[in-house]
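After this come two complexes, each holding chain A, first together with chain B and then together with chain C.
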Partner chain A sequence: MDPAGNAFTDLRWVDLLFLGEAAIRTIQISAVSILVGTVIGVILGWMLASGNIFVRLLVNSLLDVFRSVPLIIQLILFDSFVSIAGFPMPAFWSGTIVLSVYTAALVAMVARAGIEAVDPNLRRAARSLGMGYWQDMRYIVWPVGIRAVFPSWIGVSLSVLKDSALVSAIGYIELLRASQILTTKTQESFKIMLLVGLFYFLMSYPISKAGDYIEKKWQQ
Partner chain B sequence: MIELKNIHKSFGDLKVLKGIDLKVKNKEVLSVIGASGSGKSTMLYCINGLEPIQGGSISVDGVVVNDKATDLNKLRQKIGMVFQQWNSFPHLTALENVALAPRVVKGLSKNEAKEIAAKQLAHVGIGDKLDVYPSALSGGQQQRLAIARALAMEPKYMLFDEATSALDPELVGEVLDTMRMLASEGMTMIVVTHEMGFARDVSDRVAFFHEGRVEEIGPAKTVLSSPKSEYLQKFLAKVH
Partner chain C sequence: MDYQFLWRPVFKALPELVDAAFLTMQVSIISMIIGLSIGLLLSFGRRSKYFIPRTLSTIWVELARNTPVLFQIFFFYWGLGEFGIFLSSYVAVVTALSFNTAGYMAETFRGGFNAISNTQLQASRSLGMSFLQTQRYIIIPQVLRVVYYPMTNQFIWVILMSSLGMLAGLRELTGETQYFNSRTFRTFEFFAATAVIYYIIAKLVMIAARLLGWKIFKGGKT
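Presenting the complex of A and B:
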């Protein structure tokens, strides 16, 4: 307690460390969700692009649910649901599950657009050479489609990184939650928000730069 | 030998092929001419099974294309196809475009596939473009790339679907020359074309399609110089 009787402490180096650890948690939950969500999303996107009318209708209405209910509500609903159902899980896992599904819903649209961006004539040419369906997918549709929608996928990844802040609502101490805790402790809200903004920027910037780089490489 | 027996093909309610009978012997060059919409492209797609048929039967060297048990991916290896749009794989260099199918379909090693690809690209006269991406090639070069890509599978038959129609006039010649070269090498070819000169000079026989039927067929010079069918007379008057 300082002599002036101030209940708040100053911003210290350990607080910065605390923020840094929280930033790593943000990276962890985002990375896992983007990875899992992308795998599921690509499969769903393939179903949307190639499935029959029933498959498409089913997948589309499923995705509509996840796209139209705000993420924060999905997080709270899922977290409460698993507790009530008797399977409480750490906030990291319930957060990851909800964020992955949310990512998958976004990636599904990107993946479908990617598949549809591939000229059917190109695919016919591949099949005429004796390539099977999966060879066409692997050697033609995937590389051509990914080039078409890669910027959109980077966009989804960046927004998932930022939206992961909402996982704070179920008590996971990621970057945003950590900053709230520090703000309550130190009352240095301006400095802390500046720092947190900087952290988010430092995480996003390399992703978009890497995205630009890969895009350039493909453009030749 | 390619043999079509009374084939029928519809898209939904639209009857496109209404009983086509054709035989193409080995080393023969057959040109197919006819108005737009008469079913020429569709027939080619049926021959390598890219489009299913609803009636009749197609066989290639005795293998029935429309038999469910037929391995179409295997059959297609001996039927090369070149399309109106040249369909280069945009993410691959010329060499990779040609080497891809020998590698993944035939299971050749990377080096073997590249060797074959380089050979075929030289064969069609673009051996100096191995490492160039298709976007840097002219339409004529891309179409020759497509021919090399098909030849790399060492097909016994080649199907051409208006291979020169999408080209600028000054680029048509180089592609026709390549096709002429193939014909002189003894390749069995079915060539859908609007190039009457090519049909007359290069093909053994010409078939005239009219509304999903073979309206007239015979030796190239006979069919083109003294057509019997009234439709063919009108058609030739229009294209000349």
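Presenting the complex of A and C:
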């Protein structure tokens, strides 16, 4: 604090480092959640596409809950639930678990669309050539389906990257939370906001453009 | 587990929560209307042959789609303070949600317009229809068909996104829940009740949209 009693400091290079570390944490929590969520989501999507009517109804109505309740409420609910149940965990883990389940709920729809995009005749042909169910899945459904829905999967991943900002609500200091801390310290809200916006944009935009490019290339 | 669930405070607060849910709907509907209108303009802008409208609308769409909506809310709420612009939380949330919705809807509209071939426009013009008649009877009915379901999805997204108003101090459904939570410390009970309310709202909106869509589009398929 300087003699004039001004508690605010100017924006310094150290602060940029602080933001950079927070950006890495944003990438970490998003990457883990996307990875775990995609694996679970593909399994759920397979159940949605190939299960019997009861499995489908059950999985669908369960996932519907995660898509119809705001993510921030899911985060707060889970965070308070683990405390009540007596397993308090760091914000990173409760955030990752909720984000992963949320990702899985979104990826499941994508995966189902991918499996359903494969022409049934193609699969019958594979089976009549003597392929087993899993061979059909591995060599026919996977390569054809992934082409149909890869762009949607990119879209889901990007929305998870952006939604990871909400983990700040349960106290995880990711990029957006870090920017708020800096703002209270330096009072330079606009510059910091601009910087943080640029950070997110530079993470998200290239991936979305790459997704568009791949989509166009595969359509030819 | 020695936690006692206490639901009485939640039931006592239910009328206030329902009121807050109406505020949530109000914020969402206003944002959706503004966002849709701007989104339509942006979709025209992106197909414009002039450089400036094309670039401006592209920048808007890419910014809206590539930054988190919570960031957008914070930007309008705190980021403009340096210029002496202080938006109330209500205005900031509505502005941010409209900004976001406009960006996403612009892309949806673009897809809708692209789905209609140019020859239809030429045909209707050569049949003597004016530009506005062409839009009214040929283009818009078809575009509406393509964009209707993405639009209803977007509306549900807006309702869910408006929950972030809590972090900018808006007392909509989530903000009101947080307010009661800070007075009673019944975090789980209150947020569980709110989750149920959101689920009901989302389902009601979806059913209403289905019924409306069925009523609008029952006149034959194109």
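Heads up, the rule we're going with is that the second predicted complex is superposed on the first by the 204 of 220 C-alpha atoms of A that agree within 3 Å, B and C clash if a C-alpha of one lies under 4 Å from a C-alpha of the other, contacts with A are read in each partner's own complex, and residues count from 1 in each chain.
Definition applied: contacts are C-beta pairs under 8 Å (C-beta built on N, C-alpha and C of every residue); 3 or more make two chains touch, one makes a residue touch a chain.
Keep in mind that what you see is a predicted model, and the values were worked out from it rather than measured.
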| item | value |
| --- | --- |
| Combined model on chain A where chain B meets chain C, clash or fit | fit |
| Which superposed partner A:218 touches (first chain B, second chain C, both, neither) | first |
| First (chain B), second (chain C), both or neither touched by A:77 | second |
| Chain B versus chain C as contact partner of A:186, first or second or both or neither | neither |
| Which superposed partner A:28 touches (first chain B, second chain C, both, neither) | neither |
| Chain C versus chain B, contacts on chain A by residue | C |
| Which superposed partner A:119 touches (first chain B, second chain C, both, neither) | first |
| Touched partner set for A:131, first chain B, second chain C, both or neither | first |
| Which superposed partner A:139 touches (first chain B, second chain C, both, neither) | first |
| Angle, in degrees and to the nearest 10, that opens at chain A between the C-alpha centres of chain B and chain C | 100 |
| A:60 touches, of chain B and chain C: first, second, both or neither? | neither |
| Smallest separation of CA atoms, chain C relative to chain B, angstrom | 23 |
| Shared chain A contacts, counted only where both chain B and chain C touch the same residue | none |
| Chain C residues touching chain A - in the complex, by the definition given at the top | 1, 3, 62-63, 65-71, 74-75, 78-83, 156, 160-161, 163-164, 166-167, 174, 187-188, 191-192, 194-195, 198-199, 202-203 |
| For the chain A and chain C complex, residues of the former touching the latter | 65, 68-74, 76-77, 80-81, 84-86, 158, 162-166, 168-169, 176, 179-180, 183, 188-191, 193-194, 196-197, 200-201, 204-205, 208 |
| Footprint of chain B on chain A - complex, ascending | 119, 121-122, 124-132, 135, 139-140, 143-144, 147, 218, 220 |
| Residue numbers on chain B that touch chain A, as the complex places them | 48, 50, 73-74, 76-77, 79-81, 83, 85, 87, 89-91, 100-101, 104-105, 133, 146, 149-150, 153 |
